[in-house]
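Both complexes below contain chain A, partnered by chain B and then by chain C.
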Partner chain A sequence: MSQKKSRSRGGGGAAAAGDDHEDLARPPPLQAVLLADSFTLKFRPITLERPKVLLPLVHMPMIEYTLTWLESAGVDEAFVFCCAHSNQVKEYLEKSGWAGRAGAGSMAVTAVESHDAISAGDALRVIFERGLIHGDFVLISGDTISNMSLKDALREHMDRKKKDPLAVMTMIIKHSKPSVLTHQTRLGTDEIVMAIDPETKELLYYEDRADNSNLYVTIDKDILSNNPTLQLHNDMEDCYIDICSPEVLSLFTDNFDYQHLRRHFVKGLLVDDIMGYKIYTHELRSGYAARIDNFRSYDTVSKDIIQRWTYPMVPDVISNRNCSESRLHRQAIYKASDVTLSHSAQIGANSVVGSATSIGDHCRILNSVIGEGCTIGKNVVINGSYVWDNVVIEDGCQVSNSLVSDGVHLRAGAIVEPGCVLSFNVEVGKNALVLAHSKVSLLPQPSNEDSDEELEYADTNSGVTDSPPFSSMRSNGDQATVPSEEDESGTSETGTCGVVGYIWTSGDAGILEEWRQSIAPISKEKLEELQHAVSENDGSEDESNNPTLPDKDDSSDSAVEDDDLISKFEKEVEETFQRAMGGGVNRDNLILEINGLRLAYSLQHADCAGAVFYSVMKSALQAAQSTNDSLLKTTAEALGKWKDLLRNYTKTVDEEMEILLKFEEMCQETTKEFSPLFSKILPFLYDTEVISEDAILRWAEEKEHADESDKVFVKQSEAFIQWLKEAEEEDDEEE
Partner chain B sequence: MDFQVVLLAGGTSETLSPLVSRDVPKALLPVANRPLLSYPLDLLEASDLKDLIVVVEGQEAARLVGAWVSSAYLDRLRVEVVAVSEDLGSAGALRAISKRLTANDILVISGDLVTDVLPGAVAATHRRNGAVVTALLCSVPVSGPSDTPSSGKDKAKKPNRLNIVGLDKTKQFLLHIVSGTEVEKDVRVHKRKIQAVGQMEIRSDLMDAHLYAFKRTILQDVLELKEAYRSIRLEVLPYLVRSQLRSAPSVGNGRSVDETGNSAVLSSGNLQCLSQHRVIAPSAFKQDVLSRSCGGHRCCAYIAPKSKYCHRLNSIQSYSDINRDVIGEASHLSGCSFSAHNNIIHPSCVLGSKTTIGPHCILAEGSQLGDKCSVKRSVIGRHCRIGSNVKIVNSVVMNHVVIEDGCHIQGSVVCNNVQLQERAVLKDCQIGAGYIVTTGSEHKAESLARK
Partner chain C sequence: MPDVQPLVSDFVLKLKRRKVEGSHAVARQTAELLRSVVSQHRMGSSANQAAALADAVRAVGEQLIAANPIELAVGNVVRRVLHIIKEEDISSTAVGIEGLSVTVDSDDEYDREDDDRPSLSAAVLAAHARNALRAPSLQTLLEDIPVSPAISRTASSTGDSDGKSKSAGDKTSTRKLKHDVIAAIGDLIDEIDSCYEPISEQAVELIHQNEVILTLGRSRTVKEFLYAAKEKKRSFRVFVAEGAPRYQGHVLAKELVEKGVQTTVITDSAVFAMISRVNMVIVGAHAVMANGGVIAPVGMNMVALAAQRHAVPFVVVAGSHKLCPLYPHNPEVLLNELKSPSDLLDFGEFSDCMNFSTQDGSPLLNVVNPTFDYVPPKLVSLFVTDTGGHSPSYMYRLIAEYYSADDLVVRRKSSA
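What follows is the complex of A and B.
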């Protein structure tokens, strides 16, 4: 154990010397796979030009935090998987000195490049093919901020693995209660429902994207019979830090349809009870771990960093390589030493100002991060926003709860409303207003076909787009209007409000969902609306929970569903039958299949008889020509052909009755073509012994008291019924 | 304590026939030579809960129970025996006596509960939490006797699930309960429940022991409102648990968003610093939610420690099991002190020569045994006359039974006044009162009763 302790501390290099003589006893070097691609589109439009992992988070690229943590957690070798913008990632790794570093105590970082990966699953398959991983490894995404110690989780994982080789993965989870109203965590991610065995910490159930349409969590009874006790968690957050066994990689290769780490892989393993692989969880009790999934988590994590929850990953401890130290002042204000700050400017709590930035008179900066080399004019108000490097903000601008990327130019008096994202080099004209939740980029929004797939930085594999196509328009920037260009589908030229660039329409999430993941806090109105929805929901639940029957919440709608169920069943039987007609299925199998369907819909035998009869008649109708004669002929053929099948279902008079009633119904409603032929087909059914005389007589009897309209067919076949009655009497006399 | 106890003593249950008959209602069935009802009554006395109503199904049974209680518990408890008509179910019986309930809280105990969990502890928990209902839950007893060959099979079988119970993190609040036929299905939990509490523990290894503390007003309301409810366990309790999270008053709910850091809405930037605190110390928050959303309506659970004994006598199998346990591992329940040989032989018993009484046996007063008898792990009632060469193993023999020479009794229950003629062999049988087993007959796994 001592060696592990030293290992986990050994990140700084101090313990490196002590490790040398323990080499023999050491387990294989700990490896890590870092996915430098989130395989989502959430940070668009910014990620069209720069990969997400290189976006600055309180002055430092996200990947820097992740790599620093991996090294401090004792990882010996990290593979950085780059896909989109791989050139930029590789360049960064070299420039920052991570790549090509070697020697005791420091982590070796190798970039793995592949351009055709479109998901985490693909990435892991590439890693597997290249044969890079030899032992247990840490799987992490390049946008994860953490300061936790991996020691305990690693030890637990190893111990479990020794006892049970099927324990292939340990997930790190953290307590975090999602909001009751918005059903999302403070990181803006959807709430998760997990079931965990309290003793072994085995993960038994995982449900993310827990949407509200499904009101119930359903846990399979087998899970419960194997685990008498389990904890249902709604208050846990998935940190997306996993300790995996090498089997995980081969599992991804075996199941080539696994794409998403959680939605496919974790759920796949939990459902699959043949292989019996198990996933365990490790709850993080002290320490910080969070993944930046969307703009809201960007905001939340930035605030956490500023408030030093991520210590030692805080601005004044690991400051960016070539810039001057930033110092921590009271109220969590970080200022670089060479900031030019007007005396009348006011910097509020929880703010960071980067080096070589100048701030003019009477500015107010609250809860915001200002990057390096920015120029901020007079009377500017910046609240809860993230302003990256080399941004020019002229006098009298107001920016609240927005993200302003490198090189953006806000001209005097511009107002940026909450929730905006201004991508690189966007210009906002004088006194222009950028509406709340706008996303503005110099690049047009890709057409919809691209965004359908989960392609990340989809069409920009080539790397940076060096020359934005609209540079020519910049000259118009200070004019109030720019000729609008509406040719691009789904995007609109934003010139009308004095902005150079395209305002993106929101993607499939829809503008309504925009508030969920933006930097801006959720508006009061929205909360009230949700509150209202919840209380309404309450009411509806009241009703369903006020059952007159003791134990059923959903019994009331069963009657309504019944009809629906039967029609669905009929449709399926018909489809099955048509396949059989095509020669695909032989008769015995057909019966089996229909019986299977019957069980699946939990219906009676009689329903089956009706449905099969319906299918047979339907097939006859399809085969027939338009004339009645030919219909009669094909019907006779079809009945002759399938009489065995029908007889299989007409064991009792009830079922025969069902067929008769069905036939009647068909003649009246669905397939009126049969109605003139009713009396001719009926004797045929009798001859083929599908329907017995008992059934026919009973049917006639029952109909006697019915409405006139219902008696049409009885009357039509009166002669036949009469004949049957006489025949019966004769039989009686003979006896 | 302002508690009124309702003891549901049952009547002449069909499931326990032939042990239970018109002369011996379920409440008076002897367990280790004491009437079944005496177990809960003693327990209540020990908890100082002395004001109680014993509800018996059927007039005749009520008369018998009343006679016994008034003689045995004179001056010890204030007992009122009430007869209700049969087949009302537990909730129906409560409804029938609803007018008699006056105290603030009502403790409802099933008369067939043999346990050493003090009802006082449940009542105290109920009071402390200010709950609407508190249910006693205990670990499922290890099924099947450990010394019979069938135990291996029992273990191989999936544990029998009695209830599915959802508890909060502190294991005090009852959030979800499913019992009856629903138990064998997949577990469905309403998401809003989990959302409200964050974390729920689902247990399927707990048994509802049929001991509940109710707030009287709510209980009476429910009984009145839901006239169709027959069973406390299957209907009343689930109903109360279900309606727990309902009617969350909309007043304070705006505050619950604090957690996600959306608190800026509340016009104070400082709350953002607090958001992280809430994550770390969520307990205060949760308490808030519970107390608020329940609106004084909360359901609690008292979970008996594993070491406690808790068993319901509701089948023939459980009758044998409880008898064995009370004279065996749970001997403190019997209320008698065992001798050095781990058995109790009343001084008035007469034993023939070479007769051995093994450990874990009770012989009541006035019984006589002939020569060369062997009694192991069995209960023998009062004034039995047992001949020579008789073997009694794992059995219960009630009062005034005559067993002639050479009989073998194993795993059986022999009721009052039965006569076993010579060389009768019984294995896993139940013999109803007054039955005569003829000479030399052999019975295996049969239930015999006088017609």
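What follows is the complex of A and C.
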């Protein structure tokens, strides 16, 4: 027996200690921190009633997969951090026998509770305060599914730490190609761009919110100069499994504004270079790991489980309760032994049917997961959907690509369109239609959602809902429902009516982006649209200044934006300038203000010069009478007054050229009044030393090859240019 | 048996998580676990300790089999242990009875599951047993025990119903039974450990000079078999089919070369092309079924068909712990396990084929990675077990020597 004990410990222990561990007697126990709260709202409305980690994923709560994996990966002690619905999580841990199961060979699971944590950062700070972690630990979220072996990653981490104590974290990444159309991974998360040192595997750059509209990332040049080689990846998936040193916890405590593990911590460490701490990556070669972040990944991971990528965590091998086991049949159909299945019902490939479920005549079930104790009537079509436990679906219903929670009742003929989420105990009336992408819950939608960094739990009765209960079914706060009443209203109303519960409105950007992260596959039209956008994008890359392209086109979009930007900037400069003229703002302050504007619009110095010049000329124009003479006079005055300001911006020939070009443009387009005076104002600009002769000569030179129409002003000021040239020659002669 | 429970659940978990695999390791560990179950089992005062003991074993066995129904060796060992308990009990009873009722033995030996035997004779026999011997009788052993997961309670309740006080003789006999059973299980473990020896002893008789042997994948039994032939100075060549997708054949090739055996590695798909040059196919098995069919690593059926086509003898070497008393029904599906597709494909490379969001929602790429093949008995020429060579049609008889017929379904009687 003792022999067996030592063997079972061997896996994790030996790996944790590395090859040449100092104390042969007992390697330090490997600890893990499991965050049983995702600190997001992606799974609402379901997560209002049940924490995300307890949502069933192919019949088993997600946390069960995570804990099972941690145990089989050799973790000795796991701390489950629960926040939202902590009681439910704790209860589950008790009931499933994870908690309080200390013994040789098995993992000790302890729940850590805190109610005021609102982010992963807070959670880690709590863990640190309680002093639970003594060595390196695995940081994982309770919604991560994996079957990878931690051994290699752990050994790498330990070896690296021995050499370099600043290597505080090893991130597990996995090769996975994002879609070219949506720039999303198959899990529905944004494409991640990472820069990794190919030799040391050090992570140099991490960007999960790459600008999809422009398709570019900005990498600090220091990264490029400090690292002779680096690999840029956009085909890596972050598994959200990290091996951390204890320093990570203190880092979170020191930087109390760190909230998000990736957005704040990883990026913070990479960008700010705090104490020189480094993050490394470990690429997962064999094995599976994925985090369920949204409904899309819920769908994808479910299918991966059904397709057995997560072996041995597949429905026929592990079952959470001691209920009747399900067996795998051909074509990846998993069926419990006590399913009541009508002879005429069809179960298509990649489906799972839980125990004690009955399925009526002529039903068709495809690519779906049906939970336990469900009753499905006749002629029901369920396609690509996730039906949880104890659901009643009456005759003739159609459910496609949706999530149907526990206790939902679909009355006869109801149709659930793709992408819907029906939360617990929702009832859908006879022949009712639930529109695509709607989310229905018995609980009203909380009105005070501010950011996406919010909690899962925000109290459910906060504020009065602003989404009216759907179709007169129920007034606000009236929780008691008499079933018979519902029946009547259900029968009387058809069409879109007849849903008991609140239909949640999606957030501001939600409606447009709904397709990105829903269970439903992206619709054909959307795909075509994206395809169209991509192909057009390819075609127009070289002529990006064409403003007539449709706004789907990214690169031209940015060009148009650029023009917009400059004209806006000019307007603001003009306004500022006018204020300066009116109120007599100090010249220095004016320069400061204009510089501020320039930074705000992130423009060049030359743009500034153009804009200021434009403003000066505009002011002259306004002050002038209608005659050319007076215009010339006011212009001369204005230029005389503001020459210092202009000179401030005309430090290089380029900027002077910019002013010239601007002047030319003004004469041609906006303020034609100046056009006859061009040749007269030019010498004046020269005299006030706003524009040097170099600039004028270069301008003339450049224009020599231009179109005739462009040469108008060069010709007009030919005499002046000639004089300049001669003056120059004279200078030369004098020397 | 509070002390065994953690051990049992630990092993159940390991089986469930597929941490223990391979029939040898599984068989050995099951036997060890059952030995500790027996040794930890508190013998009640009842007259039929053997039944209580068998029930304890059965209770554990049921869990183990459910944990990984594919590892048939678990069930085999559980059945072997049940058989051992029965035999030890019979022998101790026989010693106790000493000629009083020889008929009892012979009667019951052959109709055990006969539940509705005349109650009169049962009562008579029970009375005999109780009054004359105060030792566990066969009859009580065979009675349905009216309970329940808690074994100790079972024991005590039957003890109550029997209503006899313990005697010194009783105690010694119980202790003797337990001791005997433990010793017998120890023998079984030794047998599992050393099963290679009697098998490989037969190697020289089967492998002749300058023969060409073909094998698929890696089986320790096959390896020992070939080693033994090599040690006896036979010179022969071995073709090793690599055994995709786990490529255990590569490992075997290495091991054979280390021993100085002429080895050629071929792909699985080249088996048919090479079979005409082969004199004999020698393969291992995952399990041998009662009908003589074989559950073997995937690809074996193809090799067997190729061998049959070219009339090459197809020899299966297997230790006795692989003999399974069950008849296969739909073995391709029910006695198989589909492993992770990652053995075949690199997930990252194919991840774009599995982007369900841009497909129609139904996966277009499916990967099937079965672990086992079923080779029907008609394709097998010879079985070599520790007891010698047997033809497939003899397997059922061989199996009857190791198992009792009423243990085929390992289930606690109460739940039946």
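Just so we're on the same page, the second predicted complex is superposed on the first by the 466 of 735 C-alpha atoms of A that agree within 3 Å, B and C clash if a C-alpha of one lies under 4 Å from a C-alpha of the other, contacts with A are read in each partner's own complex, and residues count from 1 in each chain.
Note that in this section a residue touches a chain if its C-beta (ideal position, glycine included) is under 8 Å from a C-beta of that chain, and two chains touch if they have at least 3 such contacts.
Note that this is a predicted model, so its numbers are computed, not measured.
Peer 1: Per the contact definition in the header, classify A:W309: touching chain B only (first), chain C only (second), both, or neither.
Peer 2: Both partners.
Peer 1: Quick one: is A:P521 in contact with chain B, with chain C, with both, or with neither? Answer first, second, both or neither.
Peer 2: After superposition on chain A, A:P521 lies in contact with both partners, chain B and chain C.
Peer 1: Looking at the overlay, what does A:Q231 touch: chain B (first), chain C (second), both, or neither?
Peer 2: In the superposition, A:Q231 touches chain B alone.
Peer 1: Is A:L366 touching the first partner chain B, the second partner chain C, both, or neither of them?
Peer 2: So A:L366 meets both chain B and chain C here.
Peer 1: Of the two partner chains, chain B (first) and chain C (second), which one does A:T182 touch, if any: first, second, both, or neither?
Peer 2: A:T182 sits against chain B and chain C alike.
Peer 1: With the two complexes superposed on chain A, say which partner A:N586 touches: chain B (first), chain C (second), both, or neither.
Peer 2: neither
Peer 1: Looking at A:A195, would you say it contacts chain B, chain C, both, or neither? Reply first, second, both or neither.
Peer 2: In the superposed model, A:A195 contacts chain B only, not chain C.
Peer 1: Report for A:H329: first if it touches chain B alone, second if chain C alone, otherwise both or neither.
Peer 2: The second partner, chain C, only.
Peer 1: First (chain B), second (chain C), both or neither: which does A:T300 touch?
Peer 2: A:T300: touches chain B and chain C.
Peer 1: What residues on chain A does chain C touch that chain B touches too?
Peer 2: Chain A residues touching both partners: 175-177, 179, 181-182, 184, 186, 235, 300, 303-304, 307, 309, 349-350, 366-367, 384, 521-522, 527.
Peer 1: Enumerate the contact residues on chain A facing chain C in the complex.
Peer 2: On the chain A side, the touching residues are 1, 4, 8, 68, 72, 103-106, 147, 174-177, 179, 181-182, 184, 186, 188, 235, 237, 286-288, 296, 299-300, 303-304, 307-312, 317-318, 325, 327-332, 349-350, 366-367, 383-384, 401, 520-522, 527.
Peer 1: Which part of chain A faces chain B closely enough to touch in the complex?
Peer 2: 175-186, 191, 193, 195, 198, 210, 212, 214-221, 224-225, 228-235, 300, 303-304, 307, 309, 349-350, 366-367, 384, 521-524, 527-528, 531, 534-535, 537-538, 541-542, 545, 548, 550-551
Peer 1: Within their complex, state which residues of chain C touch chain A.
Peer 2: That would be residues 6-7, 10, 13-14, 16-19, 29, 32, 36, 66, 333-334, 338-342, 346-349, 351-352, 354-363, 366-367, 369 of chain C.
Peer 1: For chain B, which residues are in contact with chain A within the complex?
Peer 2: Checking each residue of chain B against chain A gives 158-159, 161, 164, 166, 180-182, 184-192, 194-205, 228-229, 234-235, 238, 242-243, 246-248, 250, 253-254, 256-257, 259-265, 269, 272-273, 275-276, 278-280, 282, 285, 289.
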